[in-house]
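A, B, C and D are the chain letters, set down in written order, and residue numbers restart from 1 in every chain.
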């Protein structure tokens, strides 16, 4: 299927969620019959939605609420929460600063050192409320703070970078994280990512991942593609990595869930992710719109505070309802951003899928939702600009 | 023609109306010679246009007017008209509420129970004015109110849901509607839908449909694709279901018309639907713009009032003329939304098609009307923004 | 190359000018060496540009100016110029009316009957100033006024409708125009159109056309595609009809120029038309922007005044310079709408094409100028909205 | 891979940077290990970025700064700098004039003759500050001023036109520049361009180019495609010309760098250029945004002042930081326009490419960044227009 870009340079066509749609088959199902459970390591969740390890999305309280609702939130252990004893005045400053000062302020705020004692404290705060303590570190952070996380008794550890590989070249003086050893030694399931290809997904599974995160470049608060040129549209990335999961299971008997991460805004996006092969999704901006979200009305990427090459933008997402409404309804918005679980169950019912495995098999069509002239006309009508 | 989205996930490319155009052939025709008739069950109509069973589109009066003009309107039996003795104050409230309160108000208004006596009354009001009483129920509603509809003497019954199938799994306590039995027992033609695939279209025909409704996800007031990820672009859906119709006729001798439903805004859209194989179209927003439409200046989808997962948007469509002008002209607008019958006849003349069967055979090209830079330039000129 | 839209419906992909670009080869040329001449019947023109028979574009004076500059303008004999002794107050009314009254006013103004004596008078006014009198009639008009045109001594007659065919079915009472007989009997070259396919182009050539007009649906003031669903993107239409011209020449030795008509805005569009096989272009809106244009700041389509099904829009094109500047420069605008001949010669130089026949052979790439994110960024910069 | 546009006209699909993205492989790399060096003739640069020979981009001071930073700037010898002893009041006029007078003013200002003594003076001013004196002439200018450039001791000479070829037809009275002889006789490396095809790239290498410039039509300040219809999307053009470079090296042992020129705005664009085969890039608008740039807040194309056919637009690019920040950071913007070298190194690290040759081999996917509905939604959020 290779396409010639120019002499000697071929490429394949990759597809994003905006380019596909799901096709109802010959069976339908009452939504109440749809089973949406996912299991990562020893953790089973009713809602296959994980909140991203981003400072505007998950704090201790949000992690607890998500856990209670049947979902899960991952706490970023290298952000505001572990740099500041009281993170809320800091979050207020981020929300109040003007657009022009934002990057500078972020660089300043994230220059404050990470405090290992705060890492332990945040994990214990979550555990104290009987919730799942899922936490996230970069590979470099894992070298430094892995031991602390293990001792604090976290339930799940996520090693996450824009791109993760099992073969990382470092300058001579710096030893890279050995992912295999880390997975073996830390006493909890480890999610690894992000990756976008079959080969890397397979390597991460072989390294001991309990789940892999799939997605580079597609997120709302992510500008990897603009700044670095790097990215793979999600439908293709998820399908490729899901194929690695299936091949790995065939070979080893172990089933390693694929978590689609990035670019997911609506219930429809979640449904399409799973239809391409994902077992669950990781989402940021939809959760950032909850009134309980730590970011206030804002959401920003975790590469933004980079002192040298900030990437990612602060987005004003607003506040549209409670986290319960966003996950389980009842919806007060009709645009697909409330009652994400209800949307998934309704879609599964419409498509006749009894569980996530069946949902991964539904028929997909390529159907670009491009901005055609007709669409602009419809949009104008929706905005009350009827000609 | 399968395209690889990723390893192990293939899809075919589906096409929407914005992506096609019709090609004149070697013959042209005076528009007055174009025969646009369609027959559903025992009902023949001069104009192959059916108004959608939506509360902002069809009430008793609109059903009568459409019938008199040679078209047909379907009355929604599970909406405002059968929940309220006097629906007009309710419609006024819907039109007057602000955007933010809309979904909540709809959920409240549609919580009022459906009254079987109003079902009978509305049907009789239409019949009393010698018009065609075409009515619509959901599958669940058909179980409850089918008998009432039969007794009230309706002329045509439409069983319609976002997606309908002959194989629906329900919780143990609830028996699903048996479509075959329903079609056999109710003493009138039954239109079934919506569907988008060859296989389901064929099953609905075999179940006894007098016509099938084709279209999931493409409509202006429909957000199935955003909320559920579900949908098939209409050109492909119509062509596939028309192929089922032709195969079914070849096998049984029975001709079951295909009604394209959703996303149709202009005369050009109607022409393209038929060119892809439709026998008639069902339209909502173009009729909602008539001064006789019950929705006032507004149009909204029938999934909007869902108490759990509202979908669909209220659109301000405005009022552009009488229903007579919209269907038969003379047009006072030049954008293809007035004189829909005239547009169809002129297009058939231009394309040399003497009747709907010939129109289904005209040549189609794939010609995306994307928003290119040139188009934006032209649009800017049309808006008086000439550089 | 057929693509499956759905079961039983195939289509080919057609291309528009926004989707192609021209590729420089191994030779370049000084623009002064580029020969742009075209010959239609016995009329040779230095500039292969013909102004459209539209009331906002060509009046007697414009026809004379274009003729003097080396181009040609076609006078519409069924518009304002032949319905009103003094057309200028009428043109002023069109320019001064508001958007909402426009269609109604057009229908009223064009209800005034055509006067044969004004047909003769306009032709003689052009001839009196030693200019080429090229005029246009619809097929119906040709039946009525062909004789008048012949007697008034016009130099070229254009029989033009949205779509023209040699096989037109009329109601029994009305005889259609016999194109073959018309071409034989009228003592001047006849341009026929519009068409978009190889087969019809060939039939029009065989009917006796001195040139054919190619283009349905692509123009700025044309809404055939929206209202009727009819249209073929120009790059494909021109290439197909040019192939008919070449085959016809091979068979008969007669060379019938192909005139691309519709959707042409810039010099680049003209160059692309010729590169796809056109011998010349017919343009409306670029000429409507001349200070000598009869439409004032406006341009509108000739289907707009239809009493039953008005199509086409009035566009505010503004006034950007003299017709001399627009055709031959020097340009005072840098957007490709001034010095169209200079642009053509510079493009031919860049592409190494010595004459129109060589320009028809230059390499083309498919390169959609879609509105990508990058383009929007660039546009924002151009508009001074740099982030 | 030829696609049929219409009968007898085929074309291949060409790709632009907005249509591709880069795919991480199995290895990653610490950015500090990425070697970005490029060598042109005898000149080695750490940063493979060359500032365009445009009057708003490079003056003597900017050339010196770029040289000191490890990059290079090319001085336009046929612009403001060599027409005016003191160019700064002239640049101020360009920045202060309104949009409508811009083209006329440019035509007036560039009517001032070029002064050979200023050519020599500018080169010596650069050399006096120990910087690389890279200069640019058109082919016509090379005939007139080549000797002056040689005597003044420039380090690198760029012969650049919109399109350059080794086979240029001129009117009898004018001898075209003999590129082969020019390259042989001038005592410095010569960069030739622009070109977009394998064949022409190969001919320019055979003519003696030390590097070739690739790109016609894609730049922000360039309107070749609109005015002339001419252009090739950059990903395809670069890949084709890189193949010529590799074939030429295979044959002769000489490695002639390919410089991608035009349309590059962000770090991501630079990365994609190299991934398609470029050795370095030439950029205009990103440098024009430096506070040291001579254009003030503006940037304009070098075809704009044409007295007959001005092309190219003045763009308000604004001022976003120092040239050091733009090239080497630390970035104060998160949109990919600051720290271009850092972005390249980070991208190379992410993709596991140790040097430019490895970066040319990374995997590419076709992944159009089209404005889909989802993207518009995301953009609206970024602009604080959250629904």
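What we mean here is this: a residue touches a chain if its C-beta (ideal position, glycine included) is under 8 Å from a C-beta of that chain, and two chains touch if they have at least 3 such contacts.
Just so you know, these numbers come straight off a predicted model, no measurement behind them.
Enquirer: Do the two copies chain A and chain D share over half of their interface residue numbers, or under half; same or different?
Expert: Chain A vs chain D: different; shared/all numbers falls short of half.
Enquirer: I need the rotation angle between the copies chain C and chain D from a CA superposition, between 0 and 180°, in steps of 5.
Expert: That pair's rotation angle lands at 90 degrees.
Enquirer: Where the CA atoms of chain A average out and where those of chain D average out, how many Å apart are those spots?
Expert: Whole-Å distance between the two chain centres: 38.
Enquirer: Centroid from C-alpha atoms only, then distance chain B to chain D, rounded to Å. What do you get?
Expert: 54
Enquirer: Give the residues of chain D touching no fewer than two other chains, as numbers and ranges.
Expert: Within chain D, the residues that touch at least two other chains are 12-13, 236, 269, 333, 335, 369-371, 375.
Enquirer: Per the contact definition, I'd like the list of chain D residues that touch chain C in the complex.
Expert: So the residues of chain D touching chain C come out as 3-9, 11-14, 16-19, 103-104, 107, 162-171, 174, 195-197, 199-200, 203, 216-217, 220, 223, 225-233, 236, 263, 265, 269, 285, 289, 297, 304, 306-313, 315-318, 320, 333, 335, 368-371, 375.
Enquirer: Can you list the residues on chain A that touch chain B in the complex?
Expert: 1, 12-13, 15, 20-30, 32-33, 198, 235-240, 242-244, 246, 266-272, 275-277, 329-336, 339, 342-343, 346-347, 350-352, 354, 363-367, 369-378, 381-384, 386-387
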